[in-house]
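Just so it is clear, A, B, C and D label the chains in written order, and each chain counts residues from 1 on its own.
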Amino acid sequence: MTEMLGGPFFSVAGAGESHGPGITTIVFGCPPGLEISRDRVQTFLDRRRPGGNKHGTPRNEKDKVVFLSGLYQTDHEALLGPSTISVNVDGNTFETEAYERGFTTGEPIAALVLSTSKKSGDYTQFIGPSGQVRPGHTDLVKYHKSQGYVDIRGGGRSSYRATISDVVGGSIARQFLETTFQTVLISSINQVGELKSKGSLAEQCQALYDRFRRDDAPTIIPPDAIADLQQTIDNAEIPSVDPDFAEQAGELIKETRKEGDSLGASVEVVALNVPSLLGDPLYQSLKARLMGALGGLNAVQSCEIGSGKAVVSRRGSANNDPIRSSGYVGNTHGGLIGGMTTGMPLICEVGFKPTSTINKPQQSVSKNLTEIDFELEKGRHDPCVGVRAGVTLESRLAIELMNAALSQRSQSLADGLPSIFG
Amino acid sequence: MTEMLGGPFFSVAGAGESHGPGITTIVFGCPPGLEISRDRVQTFLDRRRPGGNKHGTPRNEKDKVVFLSGLYQTDHEALLGPSTISVNVDGNTFETEAYERGFTTGEPIAALVLSTSKKSGDYTQFIGPSGQVRPGHTDLVKYHKSQGYVDIRGGGRSSYRATISDVVGGSIARQFLETTFQTVLISSINQVGELKSKGSLAEQCQALYDRFRRDDAPTIIPPDAIADLQQTIDNAEIPSVDPDFAEQAGELIKETRKEGDSLGASVEVVALNVPSLLGDPLYQSLKARLMGALGGLNAVQSCEIGSGKAVVSRRGSANNDPIRSSGYVGNTHGGLIGGMTTGMPLICEVGFKPTSTINKPQQSVSKNLTEIDFELEKGRHDPCVGVRAGVTLESRLAIELMNAALSQRSQSLADGLPSIFG
Amino acid sequence: MTEMLGGPFFSVAGAGESHGPGITTIVFGCPPGLEISRDRVQTFLDRRRPGGNKHGTPRNEKDKVVFLSGLYQTDHEALLGPSTISVNVDGNTFETEAYERGFTTGEPIAALVLSTSKKSGDYTQFIGPSGQVRPGHTDLVKYHKSQGYVDIRGGGRSSYRATISDVVGGSIARQFLETTFQTVLISSINQVGELKSKGSLAEQCQALYDRFRRDDAPTIIPPDAIADLQQTIDNAEIPSVDPDFAEQAGELIKETRKEGDSLGASVEVVALNVPSLLGDPLYQSLKARLMGALGGLNAVQSCEIGSGKAVVSRRGSANNDPIRSSGYVGNTHGGLIGGMTTGMPLICEVGFKPTSTINKPQQSVSKNLTEIDFELEKGRHDPCVGVRAGVTLESRLAIELMNAALSQRSQSLADGLPSIFG
Amino acid sequence: MTEMLGGPFFSVAGAGESHGPGITTIVFGCPPGLEISRDRVQTFLDRRRPGGNKHGTPRNEKDKVVFLSGLYQTDHEALLGPSTISVNVDGNTFETEAYERGFTTGEPIAALVLSTSKKSGDYTQFIGPSGQVRPGHTDLVKYHKSQGYVDIRGGGRSSYRATISDVVGGSIARQFLETTFQTVLISSINQVGELKSKGSLAEQCQALYDRFRRDDAPTIIPPDAIADLQQTIDNAEIPSVDPDFAEQAGELIKETRKEGDSLGASVEVVALNVPSLLGDPLYQSLKARLMGALGGLNAVQSCEIGSGKAVVSRRGSANNDPIRSSGYVGNTHGGLIGGMTTGMPLICEVGFKPTSTINKPQQSVSKNLTEIDFELEKGRHDPCVGVRAGVTLESRLAIELMNAALSQRSQSLADGLPSIFG
């Protein structure tokens, strides 16, 4: 089945396995005229890549992206190079320059990230019907689903490496959102194992909203204020609004790695300066889509909007956000009512399971179901996958928001987009 | 934007507002040869309908369904009537028999449920730009999104009444799943406000699985054993595996209704006897789709798979389910790994917010943002929407499972569906 | 597989068989605020219905439509009734008013047309594995494809009766197009059997365009001028811009019906006052979509755009339309270049095969492939299906144009839609 | 809008412009276990590439493809290399091996063809608002649609170069079809300008079918017999079953090129050994999809199925194909009835306009609509685009057939695919 992120307006197709030649991405539906530069997209990929921080997997991929279509500008010097791409086939080499900076043309944008730090030898214990199955991984289901025709190296297509496409597509979407609406995406870890942060990103974003709240125009939090918040997060040991928690969590991750074990994590992701009224109602509501896009990410077991599961124990009189002419008072609804945006910060939280790859002995089977005592022979891994998940969550949120914005635009008979407040 | 439940293989289109003439449903992609009877579908609609239990809204709709296409059998006596449908237009009446029982032909199946217990007078306080906004409801977003062209009666299309289409489509999907795989859907409430059940549906289903677990064939829990579990739930004051909790929760709901307030709820929904290997990987994984389909339902703020958010505080060594030749030991993964089914019970849980409609005074605005003190004048409502949500959740789960089963079938070059265990 | 007309922005879902209870239609994606009245949609259905002209099938269906969702206005007197709908199920009758006139809300619009002039007894010779197969019909393929579970009455879902959904959806699309852009759809028959018209609709539309051509603004042909052209077509014996041809063709159809035989036909369909720049490029270009939507209609064997197949024998120097500041000179391109509209009249032509149903003896088989001499026992049919196909072709063209217009709107970062000329 | 060839089961996404760095393709939905080799796909690309025959454009691209994902086999020596791909970014080179031969895994298959024979200098006369517009080309519509942000080099994304993706996807589809059903695709030119072939591919295919017709099993034309027919076509001066016509047409093309003019062409494309019963009914019928896929190709103005437009002048008694137990007698229906395959040869024909690029002077405008006398300064082109269109048409037909086969499989409750004859 065809499968993409987002759509049908703005969508992202991806291809590529953990240890294959590379990750290919095609981005559809970006309107013409948006300026895209390779180095800005690279910035987001750098946040995602393994080896990019001290608590991730030691696999060191540079993840350099090249753009191959969908951009243009008349100044070819600025458009092309210095990056190049070449193939050698049947003894002949073909080389050409790639795109560095240009404007979108409305045509599909292709991007390629090669995978060059691969150690396939690590995975010999998993080959064939007598190959071993790693508990918690897709090894068993994918082997049987593909009737044996599965790429067993490093999780194949189910690897976190596939999220390169999310980030490439998300980088374009966030550029669109920021240019058009000043919308900004941000994320923070608020729990690692049993360790919880003090305060939350949701609270800090709500405080920002309240600080700049106005009733004569839609509330816009200034870029500087958001940049300050982002700086706090970037400065922490792991990305979090609470530096003390981040310090302790970093320590815990280090310890757990030594023990050969892994840790779950909970990550908040928020969109600020979201235009109101985005999102189609009901089956394709923005709520349904975000639950699917964020909750559907590898290793995620829970997804919450606004106050999330905490609303279950509340009464309606405490949970309903009162409304004033400057907007909602409080944000238990998390920026979505009826699956459409209210203009309040859009707040989501996902729970990641502890990384399935651990070094401790476990009960398992071979692919043909012979019972074995399993122990990982080799392999590099993240002890806490949540640590570098933020940029992927932001990307998926951006892709869905952009799609909703284009949908909303198509449905407005009058010029311009309607809004609620101000 | 086109929006349907499920798809692209099996999908359900719905139309109709709370106080409009009726709810229309078209079901696409059911393979030919499945026997469908009107009265069996009616059974599920009866579980959904308001007035169907003592803790729901007092609106009394009979919700009788008629089938208008997509069914056939050569015996027209059995196929047609006694139900009839007629329209009167321009002074002329046209009448015809509807379908009672037939086999699917592979063509779209249309069904209609009229709405005849409407009291539009209840909603005069909400009309026009100076109409009042009910906190927690879609009134404000839908008014502005539609640029004023909104059906304000009873929530319009955002009403829970729209879930009639979910249940019609789900009834056909569960008939398909049961006939083809013996798959059965079941649900249970495990929290109302701060009141929590002892034990859970997940635990009971896991116990059933373990009781019938085998390693020479896929484990199938016999229909009788499932029927016993369903009976326990049906006998409780509200649908729950814990009758004591159900009793107390029923009492709490009654009290809360008197206070003019409302309550949140958490509902588990489980599929038993699910074939392994269903679900496409990655962006359209069954996990992504279930998060969207269940988490996207009206009033839902959280969605969890398997152990859900509880996994965040665990270590990998405790969270990974060990694997034996008879299947997984334990089911923290909830029947989905890599977004594909493992053949273990498929376990989801959603958190509903307290019903937004309450009788207490609240701060609000009119649609043109004048601040008001809001108090509901009239109107009927559920104090705890979770109470009759079970059949809708089961339906959405069934629709996604059927879609995944058809997708899996299309991808198998060899005859028959592959499976993992046994 | 889910299947709809148009989409993904504006789309039309249909359900219902020739001799089933009725044809159900759900229309998705109409923006809010468009005024729709039942009687105007009825006008288009009246053009489509059998018994609506003297050269069609004698089956006499009134085809009265009722609207069940997606419309609203505060004045309920105007919104509701006098049309009503009722069902009788399990001995109880439920009745409600249907919608007469309202504004679209952006929600799905459901419409129902009951089928009440059915004579199922006509079709007994076709029942079961030994049932006879009508050459040229879908009997054999549908029987085997459905593995026997097929509605054999009158072609089942493959009947021309299914085009009721096309016309309902098309009526809404043309209302949108006319209101927003003054776009009008028109069609004319230019060949019946070997009989060809003098002149063509394409030529007359081009003449109209040239008459009102301007270079300071997009050319708009005034409604009156279009109405005059439509009147000429309506006055002819069969819908055609050439009354003499129409007269002769009418005679030929009458003769051919007496002989128990049938006739092919070629039909032009044109959109006037089409905004330029509609249509996505390449795989989903408006050309690709129109070829599919028009060429895919039952009984159609050829589809042409602009000068169509005649371009094959031309040189480029004769075929390229020169361009002036007032637009293209000539219109061999038929209003589409690169699959996008140029603002010139959009010109298509489809070739219908002679109706498969004839009264002459033919060689055939039973469904289990026993060879038989086939002769139709009973049954009503059109000797020339092209005669009432015009409104269906116009409808499909309108649906695609509306979809393209919404798509174009979503892709424009600036307010308003860009255009080429003027 | 997301746009792909085929889908939703098997689909092909493409990206890349005429003079951009390369053409990127991602193929979705190929079931696991199909063996794919780079060199076999290369064979089809070689048939498509410019410079590949003496009557095409003199642009000489080698069009070497590399595969980057979706293939696997345990023997890495056979899977990987000798082809390699490398990028140089920020002064660092990253290189890796590409896939040479493997089995599909069910995951998306990415392929890349670089463009290295580009002469952007050829296109300076087309830059900016005062850039000239080539009559018959997309220059004007794309400039305004993109609001100026268009890649003007060589037609940009609208170039025939985009059909590389069609051929990559088609090569995989035809491998699937041949392996699974012995289905083979073939094409032949039957008209160039006013010059028509004697006999047709349709007739020769029908003769082959009749030669091997049987009534105890579905008729399968042996590979050798098809290979002979293909050889005849390959040996001709231009691809055609009529070598004399091919000789004359080659001469005509040469002459016309010298005159600076161009020629239209008509091309037949046929699928042999097509399983019966493929294709969904109605809106997504195989007829609708083929009309869209073939008729929607660049430069095509007409699309016909079976006897095509010729049916208009026939009577039903002459047009209906009689049916015997060995199949249909005659094939005016072209292998499709009710939009589903009958098992007879599937026959389509498309009419291409003469190439828009000519060297003669023409009336035109600049993009800002100033009138000019246009003459092409430089540039290479095909005088008759039909000459190398065959492999693209075959590819699109294969993609749609594979999609229909997967759809059909998903709808069959019983194992195996049902069929009609034998």
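In this text, a contact is a pair of C-beta atoms (placed from the backbone, for glycine too) under 8 Å apart; a residue touches a chain by one contact, two chains touch by 3 or more.
Predicted model, so just to flag it, every value in this text is computed and none were measured.
Asker: Treat each pair of touching chains as one step and give the shortest count from subunit B to subunit C.
Answerer: The least step count works out to 1.
Asker: Farthest chain from subunit D, going by mean C-alpha coordinates, please.
Answerer: Looking at centroid distances, B is the chain farthest away.
Asker: Cα centroid separation between subunit B and subunit D, in whole Å?
Answerer: 44
Asker: Counting only Cα atoms for the centres, state how far subunit C is from subunit D in Å.
Answerer: Their C-alpha centroids are separated by 29 Å.
Asker: Touching two or more other chains, which residues of subunit B qualify?
Answerer: 1, 3-4, 8-9, 14, 29, 32-33, 106-107, 145, 147, 157, 281, 407, 410-413 - these are the residues of subunit B that touch more than one other chain.
Asker: Quick check: in the complex, which residue numbers of subunit C touch subunit D?
Answerer: Touching subunit D: residues 1, 3-5, 8-9, 14, 133, 135-138, 140-142, 144-145, 147, 157-158, 162, 191, 193-194, 215, 256, 261-266, 276-277, 280-285, 287-289, 291-298, 300-309, 311-317, 319-325, 329, 332-334, 337-342, 351-358, 360, 362-365, 369-371, 407-408, 410-414, 418-421 of subunit C.
Asker: Which residues of subunit A touch subunit D in the complex?
Answerer: Against subunit D, subunit A makes touches at 1-4, 7-9, 11, 13-17, 20-24, 26, 28-29, 32-33, 62, 64-70, 72, 74, 76, 82-92, 94-99, 103-110, 112, 114-116, 118, 120, 127-128, 145-151, 156-157.
Asker: Which subunit A residues qualify as touching subunit C in the complex?
Answerer: Of all residues in subunit A, those touching subunit C are 8-9, 29, 31-34, 106-107, 180, 281, 406-407, 409-413, 415-416.
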